[in-house]
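For reference, chains read A, B, C and D in written order, and residue numbers begin at 1 within each chain.
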Amino acid sequence: MTIDLNSFRFSSPARIRFAETDCNGHMSHVTAVIYMEQARADFLNGLGLFSIEEMTKSGKTFVLAKQTIEYQNQAYYYDDIDTYLRVSRIGRSSLEMEYVLFNRTRNNITGLGGSTIVYFDVQTQKSTSLPSDMPQLIDQFETRFLSKA
Amino acid sequence: MTIDLNSFRFSSPARIRFAETDCNGHMSHVTAVIYMEQARADFLNGLGLFSIEEMTKSGKTFVLAKQTIEYQNQAYYYDDIDTYLRVSRIGRSSLEMEYVLFNRTRNNITGLGGSTIVYFDVQTQKSTSLPSDMPQLIDQFETRFLSKA
Amino acid sequence: MTIDLNSFRFSSPARIRFAETDCNGHMSHVTAVIYMEQARADFLNGLGLFSIEEMTKSGKTFVLAKQTIEYQNQAYYYDDIDTYLRVSRIGRSSLEMEYVLFNRTRNNITGLGGSTIVYFDVQTQKSTSLPSDMPQLIDQFETRFLSKA
Amino acid sequence: MTIDLNSFRFSSPARIRFAETDCNGHMSHVTAVIYMEQARADFLNGLGLFSIEEMTKSGKTFVLAKQTIEYQNQAYYYDDIDTYLRVSRIGRSSLEMEYVLFNRTRNNITGLGGSTIVYFDVQTQKSTSLPSDMPQLIDQFETRFLSKA
(Lines give C-alpha, C1' and ligand atoms only; values in the text may rest on other atoms or scores of the structure.)
Protein backbone atom coordinates (compact mmCIF):
# COMPACT_ATOMS: atom_id res chain seq x y z
CA MET A 1 0.00 0.00 0.00
CA THR A 2 1.18 3.48 -0.80
CA ILE A 3 0.40 6.11 1.76
CA ASP A 4 0.30 9.60 0.37
CA LEU A 5 0.99 11.87 3.32
CA ASN A 6 0.12 14.82 1.11
CA SER A 7 -3.49 13.72 1.21
CA PHE A 8 -3.46 14.56 4.94
CA ARG A 9 -3.93 18.17 5.94
CA PHE A 10 -3.14 17.83 9.66
CA SER A 11 -0.46 16.27 11.86
CA SER A 12 0.68 16.39 15.47
CA PRO A 13 4.32 15.92 16.52
CA ALA A 14 5.75 13.90 19.42
CA ARG A 15 9.22 12.78 20.44
CA ILE A 16 9.37 9.31 22.00
CA ARG A 17 9.98 9.54 25.73
CA PHE A 18 12.13 7.07 27.64
CA ALA A 19 9.07 6.01 29.65
CA GLU A 20 7.26 5.31 26.36
CA THR A 21 9.62 2.46 25.45
CA ASP A 22 9.59 -1.08 26.85
CA CYS A 23 12.10 -3.83 27.58
CA ASN A 24 11.96 -5.02 23.97
CA GLY A 25 14.14 -1.92 23.49
CA HIS A 26 11.69 -0.04 21.29
CA MET A 27 8.62 2.19 21.56
CA SER A 28 5.82 0.37 23.39
CA HIS A 29 2.78 -0.39 21.25
CA VAL A 30 0.79 1.47 23.91
CA THR A 31 2.56 4.69 22.94
CA ALA A 32 1.10 4.61 19.43
CA VAL A 33 -2.38 4.67 20.90
CA ILE A 34 -1.45 7.67 23.03
CA TYR A 35 -0.04 9.53 20.01
CA MET A 36 -3.25 8.86 18.10
CA GLU A 37 -5.18 10.30 21.07
CA GLN A 38 -2.93 13.36 21.10
CA ALA A 39 -3.45 13.98 17.39
CA ARG A 40 -7.20 13.53 17.83
CA ALA A 41 -7.27 15.93 20.79
CA ASP A 42 -5.24 18.53 18.90
CA PHE A 43 -7.58 18.19 15.95
CA LEU A 44 -10.80 18.40 17.98
CA ASN A 45 -9.37 21.31 19.94
CA GLY A 46 -8.66 23.02 16.68
CA LEU A 47 -12.34 22.58 15.77
CA GLY A 48 -13.25 24.26 19.07
CA LEU A 49 -14.99 21.14 20.41
CA PHE A 50 -12.57 19.65 22.89
CA SER A 51 -11.19 22.25 25.27
CA ILE A 52 -11.95 21.97 29.00
CA GLU A 53 -13.88 25.25 28.74
CA GLU A 54 -15.92 24.15 25.72
CA MET A 55 -16.71 20.73 27.20
CA THR A 56 -17.75 22.27 30.53
CA LYS A 57 -19.99 24.79 28.76
CA SER A 58 -21.58 22.35 26.31
CA GLY A 59 -21.71 19.35 28.65
CA LYS A 60 -20.42 17.29 25.75
CA THR A 61 -17.26 15.29 25.23
CA PHE A 62 -15.92 12.68 22.81
CA VAL A 63 -15.52 9.01 23.66
CA LEU A 64 -13.68 6.38 21.68
CA ALA A 65 -15.91 3.67 20.24
CA LYS A 66 -13.52 1.69 18.11
CA GLN A 67 -9.86 1.66 17.18
CA THR A 68 -7.55 -0.31 14.93
CA ILE A 69 -3.80 -0.12 14.55
CA GLU A 70 -1.30 -1.86 12.37
CA TYR A 71 2.35 -1.67 13.37
CA GLN A 72 4.82 -1.49 10.49
CA ASN A 73 8.26 -0.52 11.78
CA GLN A 74 9.90 -0.38 15.16
CA ALA A 75 10.52 3.08 16.58
CA TYR A 76 13.00 4.02 19.28
CA TYR A 77 13.55 6.39 22.18
CA TYR A 78 13.90 9.98 20.96
CA ASP A 79 12.61 9.32 17.45
CA ASP A 80 10.35 12.09 16.14
CA ILE A 81 6.89 10.81 15.26
CA ASP A 82 4.38 12.89 13.34
CA THR A 83 0.85 11.56 13.63
CA TYR A 84 -1.15 12.48 10.54
CA LEU A 85 -4.92 12.46 10.89
CA ARG A 86 -7.88 12.93 8.57
CA VAL A 87 -11.62 12.50 8.94
CA SER A 88 -12.85 9.79 6.61
CA ARG A 89 -16.53 9.84 7.52
CA ILE A 90 -18.87 12.23 9.34
CA GLY A 91 -21.91 10.55 10.89
CA ARG A 92 -24.78 12.05 12.86
CA SER A 93 -22.94 11.76 16.17
CA SER A 94 -19.77 9.94 15.16
CA LEU A 95 -16.54 10.67 13.32
CA GLU A 96 -14.30 8.16 11.61
CA MET A 97 -10.63 9.04 11.41
CA GLU A 98 -7.54 7.65 9.74
CA TYR A 99 -4.01 8.00 11.08
CA VAL A 100 -0.47 7.56 9.85
CA LEU A 101 2.34 7.57 12.40
CA PHE A 102 5.33 8.73 10.40
CA ASN A 103 8.81 8.41 11.91
CA ARG A 104 10.73 11.47 10.74
CA THR A 105 13.97 10.25 12.31
CA ARG A 106 13.98 6.95 10.35
CA ASN A 107 11.90 8.07 7.39
CA ASN A 108 9.46 5.19 7.67
CA ILE A 109 5.95 4.45 8.83
CA THR A 110 5.60 3.30 12.42
CA GLY A 111 1.95 2.43 12.07
CA LEU A 112 -1.41 3.01 10.47
CA GLY A 113 -4.56 3.51 12.49
CA GLY A 114 -8.26 4.09 12.35
CA SER A 115 -10.79 5.12 14.95
CA THR A 116 -14.44 5.92 15.45
CA ILE A 117 -15.32 8.47 18.09
CA VAL A 118 -18.73 9.45 19.36
CA TYR A 119 -19.93 12.87 20.53
CA PHE A 120 -21.33 12.23 23.98
CA ASP A 121 -23.69 14.11 26.28
CA VAL A 122 -22.31 13.87 29.82
CA GLN A 123 -25.71 14.53 31.47
CA THR A 124 -27.76 11.95 29.56
CA GLN A 125 -24.77 9.62 29.04
CA LYS A 126 -25.90 9.19 25.45
CA SER A 127 -24.54 10.07 22.04
CA THR A 128 -25.51 13.49 20.75
CA SER A 129 -25.59 15.19 17.36
CA LEU A 130 -22.45 16.76 16.03
CA PRO A 131 -22.63 20.41 14.94
CA SER A 132 -24.33 20.51 11.54
CA ASP A 133 -21.46 22.45 9.99
CA MET A 134 -18.78 19.84 10.69
CA PRO A 135 -17.46 19.76 7.10
CA GLN A 136 -16.96 23.55 7.19
CA LEU A 137 -15.42 23.46 10.69
CA ILE A 138 -12.95 20.80 9.55
CA ASP A 139 -12.08 22.55 6.32
CA GLN A 140 -11.56 25.91 8.04
CA PHE A 141 -9.36 24.38 10.74
CA GLU A 142 -7.26 22.38 8.27
CA THR A 143 -6.81 25.41 6.05
CA ARG A 144 -5.68 27.47 9.06
CA PHE A 145 -3.36 24.64 10.13
CA LEU A 146 -1.79 24.30 6.68
CA SER A 147 -1.22 28.04 6.36
CA LYS A 148 0.77 28.02 9.62
CA ALA A 149 2.74 24.82 8.85
CA MET B 1 -23.70 -10.21 19.22
CA THR B 2 -23.66 -12.76 21.99
CA ILE B 3 -20.35 -13.38 23.62
CA ASP B 4 -20.10 -16.76 25.29
CA LEU B 5 -17.39 -16.33 27.92
CA ASN B 6 -17.53 -20.09 28.50
CA SER B 7 -15.90 -20.54 25.12
CA PHE B 8 -12.79 -18.89 26.58
CA ARG B 9 -10.46 -21.03 28.66
CA PHE B 10 -8.19 -18.28 30.00
CA SER B 11 -8.54 -14.88 31.65
CA SER B 12 -6.37 -12.38 33.50
CA PRO B 13 -7.71 -10.10 36.25
CA ALA B 14 -7.01 -6.40 36.86
CA ARG B 15 -8.52 -3.73 39.07
CA ILE B 16 -8.67 -0.27 37.50
CA ARG B 17 -6.07 2.02 39.06
CA PHE B 18 -6.70 5.71 39.69
CA ALA B 19 -3.90 6.57 37.23
CA GLU B 20 -5.67 4.44 34.61
CA THR B 21 -8.67 6.77 34.46
CA ASP B 22 -8.88 10.12 32.69
CA CYS B 23 -10.69 13.44 33.11
CA ASN B 24 -13.78 12.08 31.38
CA GLY B 25 -14.19 10.36 34.78
CA HIS B 26 -13.87 6.81 33.47
CA MET B 27 -11.19 4.28 32.54
CA SER B 28 -8.94 5.66 29.81
CA HIS B 29 -9.22 3.80 26.50
CA VAL B 30 -5.44 3.35 26.77
CA THR B 31 -5.96 1.12 29.80
CA ALA B 32 -7.86 -1.46 27.76
CA VAL B 33 -4.85 -1.88 25.52
CA ILE B 34 -2.65 -2.41 28.58
CA TYR B 35 -5.02 -5.04 30.00
CA MET B 36 -4.98 -6.87 26.67
CA GLU B 37 -1.17 -6.81 26.82
CA GLN B 38 -1.25 -8.15 30.38
CA ALA B 39 -3.56 -11.02 29.40
CA ARG B 40 -1.36 -11.80 26.40
CA ALA B 41 1.79 -11.75 28.54
CA ASP B 42 0.20 -14.01 31.16
CA PHE B 43 -0.89 -16.38 28.43
CA LEU B 44 2.47 -16.48 26.63
CA ASN B 45 4.24 -16.85 29.97
CA GLY B 46 1.99 -19.79 30.69
CA LEU B 47 3.15 -21.34 27.42
CA GLY B 48 6.75 -20.90 28.55
CA LEU B 49 7.58 -18.49 25.71
CA PHE B 50 7.59 -15.05 27.28
CA SER B 51 9.60 -14.99 30.51
CA ILE B 52 12.74 -12.83 30.69
CA GLU B 53 14.79 -16.02 31.12
CA GLU B 54 13.20 -17.77 28.15
CA MET B 55 13.50 -14.73 25.89
CA THR B 56 17.15 -14.22 26.87
CA LYS B 57 17.94 -17.90 26.23
CA SER B 58 16.05 -18.19 22.94
CA GLY B 59 16.82 -14.71 21.64
CA LYS B 60 13.17 -14.51 20.65
CA THR B 61 10.34 -12.24 21.70
CA PHE B 62 6.84 -11.36 20.54
CA VAL B 63 5.92 -8.09 18.87
CA LEU B 64 2.48 -6.73 18.18
CA ALA B 65 1.60 -6.47 14.48
CA LYS B 66 -2.04 -5.48 14.59
CA GLN B 67 -4.72 -4.68 17.11
CA THR B 68 -8.40 -3.79 17.11
CA ILE B 69 -10.63 -2.81 19.97
CA GLU B 70 -14.28 -1.95 20.26
CA TYR B 71 -15.43 -0.15 23.40
CA GLN B 72 -18.89 -1.11 24.65
CA ASN B 73 -19.41 0.23 28.18
CA GLN B 74 -17.68 2.73 30.35
CA ALA B 75 -15.67 1.35 33.27
CA TYR B 76 -14.62 3.19 36.40
CA TYR B 77 -11.86 3.44 38.96
CA TYR B 78 -11.66 0.29 41.10
CA ASP B 79 -13.88 -1.83 38.82
CA ASP B 80 -12.65 -5.40 38.42
CA ILE B 81 -11.92 -6.28 34.81
CA ASP B 82 -11.25 -9.82 33.66
CA THR B 83 -9.62 -9.98 30.27
CA TYR B 84 -10.56 -13.22 28.52
CA LEU B 85 -8.24 -14.37 25.73
CA ARG B 86 -8.23 -17.14 23.17
CA VAL B 87 -6.09 -17.99 20.18
CA SER B 88 -8.18 -17.89 17.03
CA ARG B 89 -5.46 -18.73 14.50
CA ILE B 90 -1.95 -20.18 14.62
CA GLY B 91 0.25 -19.16 11.69
CA ARG B 92 3.85 -20.10 10.93
CA SER B 93 5.25 -17.23 12.98
CA SER B 94 2.11 -15.39 14.05
CA LEU B 95 -0.76 -15.84 16.46
CA GLU B 96 -4.20 -14.26 16.23
CA MET B 97 -6.00 -13.68 19.49
CA GLU B 98 -9.46 -12.57 20.57
CA TYR B 99 -10.21 -10.73 23.80
CA VAL B 100 -13.22 -9.87 25.90
CA LEU B 101 -12.80 -7.33 28.70
CA PHE B 102 -15.51 -8.28 31.15
CA ASN B 103 -16.37 -5.88 33.98
CA ARG B 104 -17.18 -8.07 36.99
CA THR B 105 -18.19 -5.07 39.10
CA ARG B 106 -20.87 -3.89 36.64
CA ASN B 107 -21.58 -7.25 34.97
CA ASN B 108 -21.10 -5.88 31.46
CA ILE B 109 -18.58 -5.94 28.66
CA THR B 110 -16.09 -3.10 28.61
CA GLY B 111 -14.70 -4.00 25.22
CA LEU B 112 -13.89 -6.61 22.61
CA GLY B 113 -10.47 -6.89 21.04
CA GLY B 114 -8.38 -8.72 18.55
CA SER B 115 -4.65 -8.83 17.91
CA THR B 116 -2.01 -10.42 15.74
CA ILE B 117 1.39 -10.97 17.30
CA VAL B 118 4.57 -12.15 15.61
CA TYR B 119 7.32 -14.32 17.04
CA PHE B 120 10.46 -12.30 16.46
CA ASP B 121 14.18 -13.10 16.40
CA VAL B 122 16.04 -10.31 18.19
CA GLN B 123 19.37 -11.03 16.44
CA THR B 124 18.10 -11.08 12.85
CA GLN B 125 15.24 -8.65 13.57
CA LYS B 126 12.97 -10.90 11.56
CA SER B 127 9.96 -13.07 12.25
CA THR B 128 10.75 -16.66 13.24
CA SER B 129 8.83 -19.93 13.34
CA LEU B 130 6.69 -20.70 16.33
CA PRO B 131 7.31 -24.01 18.12
CA SER B 132 5.65 -26.75 16.01
CA ASP B 133 3.64 -28.02 18.96
CA MET B 134 1.78 -24.75 19.61
CA PRO B 135 -1.69 -26.39 19.64
CA GLN B 136 -0.53 -28.84 22.33
CA LEU B 137 1.27 -26.12 24.33
CA ILE B 138 -1.89 -24.02 24.31
CA ASP B 139 -4.18 -26.89 25.21
CA GLN B 140 -1.95 -28.06 28.05
CA PHE B 141 -1.65 -24.56 29.50
CA GLU B 142 -5.37 -23.84 29.25
CA THR B 143 -6.20 -27.18 30.85
CA ARG B 144 -3.78 -26.42 33.70
CA PHE B 145 -5.26 -22.93 34.03
CA LEU B 146 -8.84 -24.19 34.15
CA SER B 147 -8.05 -26.83 36.76
CA LYS B 148 -6.65 -24.12 39.05
CA ALA B 149 -9.45 -21.61 38.45
CA MET C 1 19.10 0.87 57.16
CA THR C 2 17.09 -2.13 58.24
CA ILE C 3 13.50 -2.23 57.09
CA ASP C 4 11.29 -4.37 59.26
CA LEU C 5 8.40 -5.34 57.02
CA ASN C 6 6.68 -6.82 60.08
CA SER C 7 6.13 -3.28 61.31
CA PHE C 8 3.81 -2.77 58.34
CA ARG C 9 0.26 -4.03 58.64
CA PHE C 10 -0.84 -3.52 55.03
CA SER C 11 0.45 -4.28 51.55
CA SER C 12 -0.83 -4.31 47.97
CA PRO C 13 0.46 -6.73 45.30
CA ALA C 14 1.34 -6.06 41.66
CA ARG C 15 3.09 -7.99 38.92
CA ILE C 16 5.25 -5.88 36.61
CA ARG C 17 3.62 -5.50 33.21
CA PHE C 18 5.56 -5.42 29.95
CA ALA C 19 4.36 -1.87 29.35
CA GLU C 20 5.72 -0.89 32.79
CA THR C 21 9.33 -1.54 31.77
CA ASP C 22 11.55 0.71 29.66
CA CYS C 23 14.39 0.32 27.17
CA ASN C 24 16.93 0.12 30.00
CA GLY C 25 15.49 -3.41 30.25
CA HIS C 26 14.02 -2.99 33.73
CA MET C 27 10.92 -1.62 35.46
CA SER C 28 10.48 2.07 34.67
CA HIS C 29 10.91 4.36 37.68
CA VAL C 30 7.46 5.69 36.80
CA THR C 31 5.96 2.32 37.66
CA ALA C 32 7.05 2.61 41.29
CA VAL C 33 5.02 5.78 41.63
CA ILE C 34 1.98 3.99 40.17
CA TYR C 35 2.38 1.09 42.60
CA MET C 36 2.54 3.53 45.51
CA GLU C 37 -0.68 5.10 44.22
CA GLN C 38 -2.31 1.68 43.97
CA ALA C 39 -1.34 0.79 47.54
CA ARG C 40 -2.60 4.18 48.74
CA ALA C 41 -5.89 3.75 46.88
CA ASP C 42 -6.36 0.23 48.26
CA PHE C 43 -5.66 1.54 51.74
CA LEU C 44 -7.97 4.56 51.52
CA ASN C 45 -10.66 2.39 49.95
CA GLY C 46 -10.30 0.04 52.90
CA LEU C 47 -10.94 3.02 55.18
CA GLY C 48 -14.12 3.76 53.22
CA LEU C 49 -12.85 7.15 52.03
CA PHE C 50 -11.84 6.62 48.43
CA SER C 51 -14.49 4.76 46.47
CA ILE C 52 -16.24 6.51 43.55
CA GLU C 53 -19.53 6.29 45.52
CA GLU C 54 -18.03 7.71 48.71
CA MET C 55 -16.22 10.53 46.91
CA THR C 56 -19.36 11.45 44.93
CA LYS C 57 -21.47 11.46 48.11
CA SER C 58 -18.99 13.38 50.29
CA GLY C 59 -17.67 15.69 47.55
CA LYS C 60 -14.21 14.96 48.92
CA THR C 61 -11.17 13.33 47.41
CA PHE C 62 -7.47 13.00 48.18
CA VAL C 63 -4.73 14.82 46.31
CA LEU C 64 -1.01 14.20 46.49
CA ALA C 65 0.97 17.05 48.01
CA LYS C 66 4.44 15.59 48.24
CA GLN C 67 6.26 12.41 47.38
CA THR C 68 9.76 10.99 47.72
CA ILE C 69 11.19 7.78 46.43
CA GLU C 70 14.55 6.10 46.70
CA TYR C 71 15.33 3.32 44.25
CA GLN C 72 17.42 0.46 45.65
CA ASN C 73 17.36 -2.48 43.24
CA GLN C 74 16.35 -2.99 39.65
CA ALA C 75 13.16 -4.95 39.09
CA TYR C 76 12.13 -6.73 35.91
CA TYR C 77 9.13 -7.65 33.81
CA TYR C 78 6.90 -10.17 35.62
CA ASP C 79 8.53 -9.71 39.05
CA ASP C 80 6.02 -9.66 41.90
CA ILE C 81 6.14 -6.44 43.89
CA ASP C 82 4.36 -6.01 47.21
CA THR C 83 3.97 -2.39 48.19
CA TYR C 84 3.85 -2.07 51.97
CA LEU C 85 2.26 1.08 53.36
CA ARG C 86 1.81 2.62 56.78
CA VAL C 87 0.56 5.95 58.03
CA SER C 88 3.33 7.75 59.86
CA ARG C 89 1.46 10.93 60.78
CA ILE C 90 -2.16 12.06 60.91
CA GLY C 91 -2.67 15.82 60.53
CA ARG C 92 -5.87 17.85 60.51
CA SER C 93 -6.42 17.39 56.78
CA SER C 94 -3.30 15.50 55.73
CA LEU C 95 -1.82 12.04 56.05
CA GLU C 96 1.83 11.11 55.85
CA MET C 97 2.61 7.63 54.59
CA GLU C 98 5.67 5.42 54.27
CA TYR C 99 6.13 2.75 51.61
CA VAL C 100 8.38 -0.21 50.95
CA LEU C 101 8.31 -1.80 47.51
CA PHE C 102 9.40 -5.37 48.18
CA ASN C 103 10.32 -7.61 45.25
CA ARG C 104 9.11 -11.08 46.18
CA THR C 105 10.61 -12.64 43.06
CA ARG C 106 14.13 -11.43 43.86
CA ASN C 107 13.78 -11.10 47.62
CA ASN C 108 15.06 -7.55 47.71
CA ILE C 109 13.79 -4.02 48.11
CA THR C 110 12.97 -2.18 44.90
CA GLY C 111 12.45 1.14 46.62
CA LEU C 112 11.42 3.13 49.66
CA GLY C 113 8.89 5.91 49.49
CA GLY C 114 7.11 8.58 51.41
CA SER C 115 4.13 10.76 50.61
CA THR C 116 1.87 13.41 52.02
CA ILE C 117 -1.72 13.46 50.85
CA VAL C 118 -4.38 16.04 51.56
CA TYR C 119 -8.12 15.53 52.00
CA PHE C 120 -9.68 17.89 49.51
CA ASP C 121 -13.14 19.43 49.09
CA VAL C 122 -14.00 19.37 45.38
CA GLN C 123 -16.57 22.20 45.68
CA THR C 124 -14.42 24.71 47.57
CA GLN C 125 -11.16 23.40 46.05
CA LYS C 126 -9.63 23.58 49.52
CA SER C 127 -8.29 21.11 52.03
CA THR C 128 -10.85 19.76 54.47
CA SER C 129 -10.74 18.04 57.87
CA LEU C 130 -10.19 14.31 57.99
CA PRO C 131 -12.73 12.25 59.95
CA SER C 132 -11.94 12.67 63.65
CA ASP C 133 -11.70 8.93 64.19
CA MET C 134 -8.88 8.33 61.69
CA PRO C 135 -6.71 6.36 64.16
CA GLN C 136 -9.62 3.99 64.85
CA LEU C 137 -10.54 3.70 61.14
CA ILE C 138 -6.94 2.81 60.32
CA ASP C 139 -6.57 0.33 63.15
CA GLN C 140 -9.84 -1.41 62.31
CA PHE C 141 -8.99 -1.68 58.61
CA GLU C 142 -5.47 -2.96 59.23
CA THR C 143 -6.75 -5.50 61.74
CA ARG C 144 -9.33 -6.71 59.22
CA PHE C 145 -6.66 -6.82 56.50
CA LEU C 146 -4.23 -8.82 58.67
CA SER C 147 -6.88 -11.33 59.65
CA LYS C 148 -7.56 -12.04 55.97
CA ALA C 149 -3.89 -12.17 54.90
CA MET D 1 9.65 30.35 48.77
CA THR D 2 10.47 32.41 45.70
CA ILE D 3 11.52 30.51 42.63
CA ASP D 4 13.58 32.52 40.23
CA LEU D 5 13.09 30.83 36.88
CA ASN D 6 15.82 33.09 35.49
CA SER D 7 18.33 31.11 37.50
CA PHE D 8 17.52 28.12 35.28
CA ARG D 9 19.20 27.91 31.89
CA PHE D 10 17.25 24.97 30.45
CA SER D 11 13.64 23.91 30.09
CA SER D 12 11.61 21.33 28.18
CA PRO D 13 8.01 21.92 27.03
CA ALA D 14 5.01 19.57 27.18
CA ARG D 15 1.28 19.94 26.67
CA ILE D 16 -0.87 17.83 28.99
CA ARG D 17 -2.44 14.93 27.11
CA PHE D 18 -5.93 13.64 27.81
CA ALA D 19 -4.44 10.29 28.87
CA GLU D 20 -2.21 12.17 31.35
CA THR D 21 -5.18 13.32 33.44
CA ASP D 22 -7.17 11.24 35.95
CA CYS D 23 -10.73 11.07 37.26
CA ASN D 24 -10.02 13.83 39.76
CA GLY D 25 -10.33 15.96 36.61
CA HIS D 26 -6.75 17.22 36.64
CA MET D 27 -3.26 16.15 35.56
CA SER D 28 -2.29 12.89 37.23
CA HIS D 29 0.59 13.23 39.69
CA VAL D 30 2.29 10.48 37.64
CA THR D 31 2.52 12.88 34.70
CA ALA D 32 4.80 15.23 36.63
CA VAL D 33 7.30 12.44 37.06
CA ILE D 34 7.19 11.73 33.32
CA TYR D 35 7.76 15.41 32.49
CA MET D 36 10.76 15.48 34.83
CA GLU D 37 12.10 12.40 32.99
CA GLN D 38 11.54 14.11 29.64
CA ALA D 39 13.41 17.25 30.75
CA ARG D 40 16.23 15.09 32.13
CA ALA D 41 16.43 13.07 28.90
CA ASP D 42 16.47 16.25 26.78
CA PHE D 43 19.21 17.67 29.00
CA LEU D 44 21.37 14.53 29.00
CA ASN D 45 20.86 14.17 25.25
CA GLY D 46 22.04 17.73 24.87
CA LEU D 47 25.21 16.76 26.76
CA GLY D 48 25.72 13.91 24.27
CA LEU D 49 25.36 11.22 26.95
CA PHE D 50 21.88 9.80 26.50
CA SER D 51 21.14 8.99 22.87
CA ILE D 52 20.52 5.37 21.86
CA GLU D 53 23.69 5.52 19.73
CA GLU D 54 25.85 6.96 22.53
CA MET D 55 24.51 4.52 25.14
CA THR D 56 25.05 1.55 22.79
CA LYS D 57 28.61 2.69 22.02
CA SER D 58 29.61 3.50 25.59
CA GLY D 59 27.66 0.69 27.28
CA LYS D 60 26.57 3.29 29.83
CA THR D 61 23.18 4.65 30.77
CA PHE D 62 21.64 6.69 33.57
CA VAL D 63 19.41 5.26 36.28
CA LEU D 64 17.31 7.15 38.77
CA ALA D 65 18.42 6.75 42.37
CA LYS D 66 16.18 9.19 44.18
CA GLN D 67 13.39 11.60 43.45
CA THR D 68 11.25 14.09 45.33
CA ILE D 69 8.33 16.14 44.17
CA GLU D 70 6.12 18.71 45.77
CA TYR D 71 2.82 19.52 44.08
CA GLN D 72 1.71 23.14 44.31
CA ASN D 73 -1.16 23.77 41.90
CA GLN D 74 -3.51 21.62 39.92
CA ALA D 75 -2.94 21.52 36.18
CA TYR D 76 -5.44 20.52 33.53
CA TYR D 77 -5.73 18.84 30.15
CA TYR D 78 -4.07 20.91 27.41
CA ASP D 79 -2.19 23.21 29.79
CA ASP D 80 1.34 23.99 28.64
CA ILE D 81 3.96 22.92 31.18
CA ASP D 82 7.60 23.95 30.92
CA THR D 83 9.88 21.80 33.04
CA TYR D 84 12.93 23.82 34.10
CA LEU D 85 15.98 21.83 35.12
CA ARG D 86 19.36 22.62 36.59
CA VAL D 87 22.23 20.54 37.95
CA SER D 88 22.77 21.35 41.60
CA ARG D 89 25.62 18.95 42.33
CA ILE D 90 28.09 16.91 40.29
CA GLY D 91 29.42 13.82 42.05
CA ARG D 92 31.89 11.20 40.84
CA SER D 93 29.19 9.09 39.20
CA SER D 94 26.02 10.95 40.17
CA LEU D 95 24.21 14.13 39.30
CA GLU D 96 21.73 16.01 41.45
CA MET D 97 19.11 18.02 39.65
CA GLU D 98 16.40 20.51 40.55
CA TYR D 99 13.17 20.98 38.62
CA VAL D 100 10.38 23.52 38.39
CA LEU D 101 7.23 22.56 36.51
CA PHE D 102 5.85 25.90 35.39
CA ASN D 103 2.31 26.08 33.99
CA ARG D 104 2.42 28.67 31.22
CA THR D 105 -1.33 28.48 30.64
CA ARG D 106 -2.20 29.38 34.25
CA ASN D 107 0.97 31.26 35.13
CA ASN D 108 1.64 29.24 38.26
CA ILE D 109 3.92 26.50 39.51
CA THR D 110 2.59 22.97 39.16
CA GLY D 111 5.37 21.44 41.20
CA LEU D 112 8.97 21.47 42.38
CA GLY D 113 11.20 18.46 42.10
CA GLY D 114 14.62 17.06 42.81
CA SER D 115 16.40 13.95 41.66
CA THR D 116 19.66 12.08 41.90
CA ILE D 117 20.71 10.04 38.90
CA VAL D 118 23.63 7.66 38.60
CA TYR D 119 25.80 6.94 35.57
CA PHE D 120 25.61 3.19 35.18
CA ASP D 121 27.72 0.60 33.37
CA VAL D 122 25.35 -1.89 31.73
CA GLN D 123 28.00 -4.67 31.56
CA THR D 124 29.17 -4.55 35.18
CA GLN D 125 25.77 -3.33 36.47
CA LYS D 126 27.64 -0.83 38.64
CA SER D 127 27.94 2.91 38.80
CA THR D 128 30.69 4.40 36.67
CA SER D 129 32.57 7.71 36.59
CA LEU D 130 31.02 10.65 34.80
CA PRO D 131 33.14 12.37 32.13
CA SER D 132 35.68 14.58 33.94
CA ASP D 133 34.60 17.66 32.00
CA MET D 134 30.97 17.61 33.16
CA PRO D 135 30.94 21.28 34.24
CA GLN D 136 32.17 22.35 30.79
CA LEU D 137 29.76 19.99 28.98
CA ILE D 138 26.87 21.42 30.96
CA ASP D 139 27.91 25.02 30.48
CA GLN D 140 28.41 24.59 26.75
CA PHE D 141 25.06 22.88 26.28
CA GLU D 142 23.17 25.43 28.35
CA THR D 143 24.83 28.29 26.49
CA ARG D 144 23.88 26.70 23.17
CA PHE D 145 20.34 26.11 24.45
CA LEU D 146 19.94 29.72 25.64
CA SER D 147 21.21 31.16 22.37
CA LYS D 148 18.52 29.21 20.49
CA ALA D 149 15.68 29.98 22.93
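What we mean here is this: a residue touches a chain if its C-beta (ideal position, glycine included) is under 8 Å from a C-beta of that chain, and two chains touch if they have at least 3 such contacts.
It should be emphasised that the depicted structure is a prediction, and the values quoted were computed from it without experimental measurement.
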item	value
Count of contact steps on the shortest path from chain B to chain D	1
Relative to chain C, chain with the most remote C-alpha centre	A
Chain pair, A-C or A-B, that carries the greater number of C-beta contacts	A-B
Mean-CA-position distance for chain B and chain A (Å)	25
Geometric centre distance via CA averages, chain C-chain B, whole Å	27
Intercentroid distance (Cα basis), chain C paired with chain A, Å	34
For chain C, residues that touch 2 or more chains besides their own	18-19, 23-24, 30, 34, 37, 52, 76-77
Chain A residues within the chain D interface of the complex	17-19, 34, 37-38, 41, 45, 51-52, 76-78
Chain D contact footprint on chain C (complex, rising order)	23-24, 29-30, 33-34, 37, 52, 61, 63-71, 74
Residues of chain C that touch chain A when the two form their complex	18-19, 21-26, 28, 30, 76-77
